[in-house]
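One chain, subunit A, appears in both complexes that follow, with subunit B as partner in the first and subunit C in the second.
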Partner chain A sequence: MSIQKVQNNKAWFMVLPVLILVAISAIIPLMTVVNYSVQDTFGGNEFFWVGTEWFQEVLASERFHNALLRTLVFSGLILAIEIPLGILIALAMPKRGWGVSVCLVLMALPLLIPWNVVGTIWQVFGRVDIGLLGHGLASLGIDYNYTQNNLDAWLTLILMDVWHWTSLVVLLCYSGLVSIPEVYYQAARIDGASRWAVFRFIQLPKIKRVLLIAVLLRFMDSFMIYTEPFVVTGGGPGNITSFLSIDLVQMAVGQFDLGPAAAMSLIYFLIILLICWVFYTVMTSYDNDEQSSGGGAQ
Partner chain B sequence: MLELRNISFHQGDEIFLDDVSLLMERGELNILLGPTLSGKTTLMRIMAGLDKPNSGELLFDGVSVLGMPVQKRNVAMVYQQFINYPSLTVFENIASPLRVARVEQNQIGIQVAEVAELLQLTQMLDRMPDTLSGGQQQRVALARALVKKADLVLLDEPLANLDYKLREELRAELPALFAAMGAVLVYATTEPTEALVLGGNTVCLHEGRVEQFGPTLDLYRTPTGLRSAKIFSDPPLNSVEVECVAGQFIYAKSRQPLGIKIEQIPDGSYTLAVRPHHLSRKKEAGNEIEVEGNVSVTELTGSETFVHFSMEDSPWVALLHDVQDFAVASTIKFYLKPQHLFLFDSHGVLVEWQSEINN
Partner chain C sequence: MDLSWMAWTQPTAIFFAVIASLLIVMSVWEYFSPGGAPRVGILRFETTRGDRLFVSLLGSAFISMAWLALVGLNLWWGLAACVVFAVLVFLFV
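This part shows the complex of A and B:
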């Protein structure tokens, strides 16, 4: 017994560095936010306890509702475009030969560019006076201006995100696809299976897991998007592209409303946590299903 | 009836099949026997229509099928890997060829149940393939091939990935299962013992060429060439280079006489070969040839002993009954009966001969 206790203590000692790191990088800053979210300050380092007032205010505010809605719509659109597109591109990519490395490098390129650079690229690219896209469209007689037109602003942001992140979905799907042995396709051909049947019954089941991860990553990432729209539209025109993150920064840094901003960031955080948890549960229960029924066969 | 006429297949400089001609009847089991890379799988891919040969003709019931796409030919194939649709239940997996063929719903149920019964899968129809054991997964794949009622069934080393016990079990069932189908049945394997157990006809393949084709037992008993004798021998065939000088055989290496005289054989170089289990420790008939060598290793299995020894610098192996142990490097003597000897000329072709012992 005593020996076991010593071992346990040692184990705690071993995780201590990690605990300290996590505390400094995550827990302490988070607690500061929690601290702000339940107090009000009028400057001069004076704080007043307000309880859940900020939370109630944020949850009831139309501004928050709109920002949340915009963010959800944005994420939904991103998933609806990038996932099918990514699968299609992955299916079309060559499986062997020199084309593989060329395609992989081309696919990886957008992923290597820093977010704010991506924003700047598209900001310039879309400008009507000097940008290739903006000027090109204008000279074709199409009225395009992302700084003034709501639809154009959204289109530009979505196009930018698709350009930036579809490769991630492609690479994940491609890795799943190349792991399918050639004999499966051969067997399908002998069975007389159609192209759709091959995708539906061989390729899709085999890439299901990586696809789930792709969906999760793309959802979280697009839900938290900040840098690119900040650089390109700055949330405008008006506030039509001010997603939760942009709205939050405006409130905290622009207006210096620390209390509501802290409450909002906690709500934001909880939403993300909730979605993460749902995804995690779905994925692990799916794994468990397979394992438990697999165990039954033994 | 499947007929292959002078089929050749090559990619670049690499020759996969060289002038293969075969005739396979319906309801018969045809075994493709050969080591890895001998062209078994390539031959099957061509039979199925997955690959097109560079030259030659492929006829099914007298009609050329070379231009016909795979989907149009009624072919079923089972692989070494257990290939099933991962997201479909066992029932749906077995039913899949019927669905492609647009068989009626109630007919599908009846036929799947029938095949599942044959392959002992009735209890597992609702399960997913990856929840089954390897043997069961392969049974599902076999059921898919069986239910399709194909004209040509190709089994590419179907038992190679199964463990010993399951392999024995399925191997015993397979011929009976497929014999009733009336299809041309082709079975690829690397194992001579598997070919012997399965029976039927055997094609000995070596580097894309047919060495010999005929009833399996005939091939085993009278190989026409050194290569087919080697392919059809497990443990490996023992061979030694000999020379015939004036009707007298001597070892090519040591120039010692063998002690046999063979009439009407021209002088020249020959290869003398004998199967490992024909080497005996006892002299029985009195006309045996005596061979001697140094033991290099003795392998013991439960009921048999493999004695590896060097015979005129060639590695030989003897298969003895019971467990017997021999000291390494000790000299060991074996006797072999002349009727068990194979004699091949310098081109590897079997030489018919009559022996006469002169001692």
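This part shows the complex of A and C:
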């Protein structure tokens, strides 16, 4: 007896409200940005066709290259610190008892603070005259000033991001770790596996998927970071912490160069789209591999 | 409805019309041949024809940018490279 697949396309109507919302909030603004990127304007809703001039200008601009490089370096450093640190903290967290709730609440706290508040906290925290960090380091004889020293500015921003977002990696890894059945650990104990072997061959493969989500989220978020560095350093000293997003806003709002800003934002968007696609492809490949090997979804 | 704030131009309108037409063609194709024709190509992961269109469009955007940055004017040759790339993606990816 053959089974005929019944297709009911009425479900598409359920998606319609979301489609309308996305059209208004994303597609129409994106179309407008594309339109702006090939024109010049001096205000008053008057536009002049310039073709691909803005794209050529942005792609050849040293300012854009430097901002892109700074953003990539920042994201790389954030991942290099937050991912291993998040795994370590998740491994160290208790798996049962009252300590679980305490740790989870403590870990969730930084995530609940709005970005501009985090920026303000660290801006004050790092000040040499009144900030606990800045004043404390100064009293120890360490010459620290994030408003004047390039390295200090970078260290402050990295420290701030690590403080704010490592918790997310911890919570994701922890959720993966607690879902590992106890029998795996029992088998490892019977085999006399070392702590490292348990991590390498049981825990790491089992948290691989959530870890990939953590890497994706942290990369995207750090690559698009704006509010926190803007509040703490404002892109300074000089342009040393002027990431792509800060540079883009400065160009669009500060200088009112809408054409080059639109071209730059489209290039920025395409880079993000490419990275998202790569991550998505890797994640779905893992899913397919697990399903084909009979492991199923974790 | 006044859409002058969107600053429409004929070339950008054609660009979006082409994208919309591609999506409509893909929908019709899917209607007559459901399932998306999944296969594993030279990139060693499974793609449907929708994935292949996405890879073609995204790749074309980067080819155009590279063309503008390295070659310069006369984007028509860049467009030709994009079409060749899209054909290759649909054949081998």
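One rule holds for everything that comes next: the second predicted complex is superposed on the first by the 274 of 298 C-alpha atoms of A that agree within 3 Å, B and C clash if a C-alpha of one lies under 4 Å from a C-alpha of the other, contacts with A are read in each partner's own complex, and residues count from 1 in each chain.
Please note the rule applied: a residue touches a chain if its C-beta (ideal position, glycine included) is under 8 Å from a C-beta of that chain, and two chains touch if they have at least 3 such contacts.
Everything quoted here is computed from the prediction, not taken from an experiment.
Of the two partner chains placed around the shared chain by superposition, neither subunit B nor subunit C is touched by A:S61.
For subunit A, the partner with contacts to more residues, out of subunit B and subunit C, is C.
Touch criterion not met for A:Q148: it reaches neither subunit B nor subunit C.
Using the contact criterion defined above for the overlaid structures, shared-chain residue A:N116 touches neither subunit B nor subunit C, since it reaches no partner.
Using the contact criterion defined above for the overlaid structures, shared-chain residue A:N35 touches subunit C, although it does not reach subunit B.
Partner subunit A is touched in their complex by these residues of subunit B: 45, 48, 50, 70-71, 75-77, 79, 81, 83, 85-88, 96-97, 100-101, 127-128, 130-133, 136, 144. The part of subunit A that touches subunit B in the complex is made up of residues 181, 183-184, 186-187, 189-193, 201-202, 204-206, 290, 293-294, 296-298. The touching residues of subunit C, when paired with subunit A in their complex, are 4-9, 11-12, 15-16, 34, 45-46, 54-55, 58, 61-62, 65, 68-69, 72, 75. Those residues of subunit A whose C-beta lies close enough to touch subunit C in the complex are 7, 28, 31-32, 34-36, 38-39, 41, 45, 47, 49, 52, 55-56, 59-60, 267, 270, 273-274, 277, 281, 284-285, 288.
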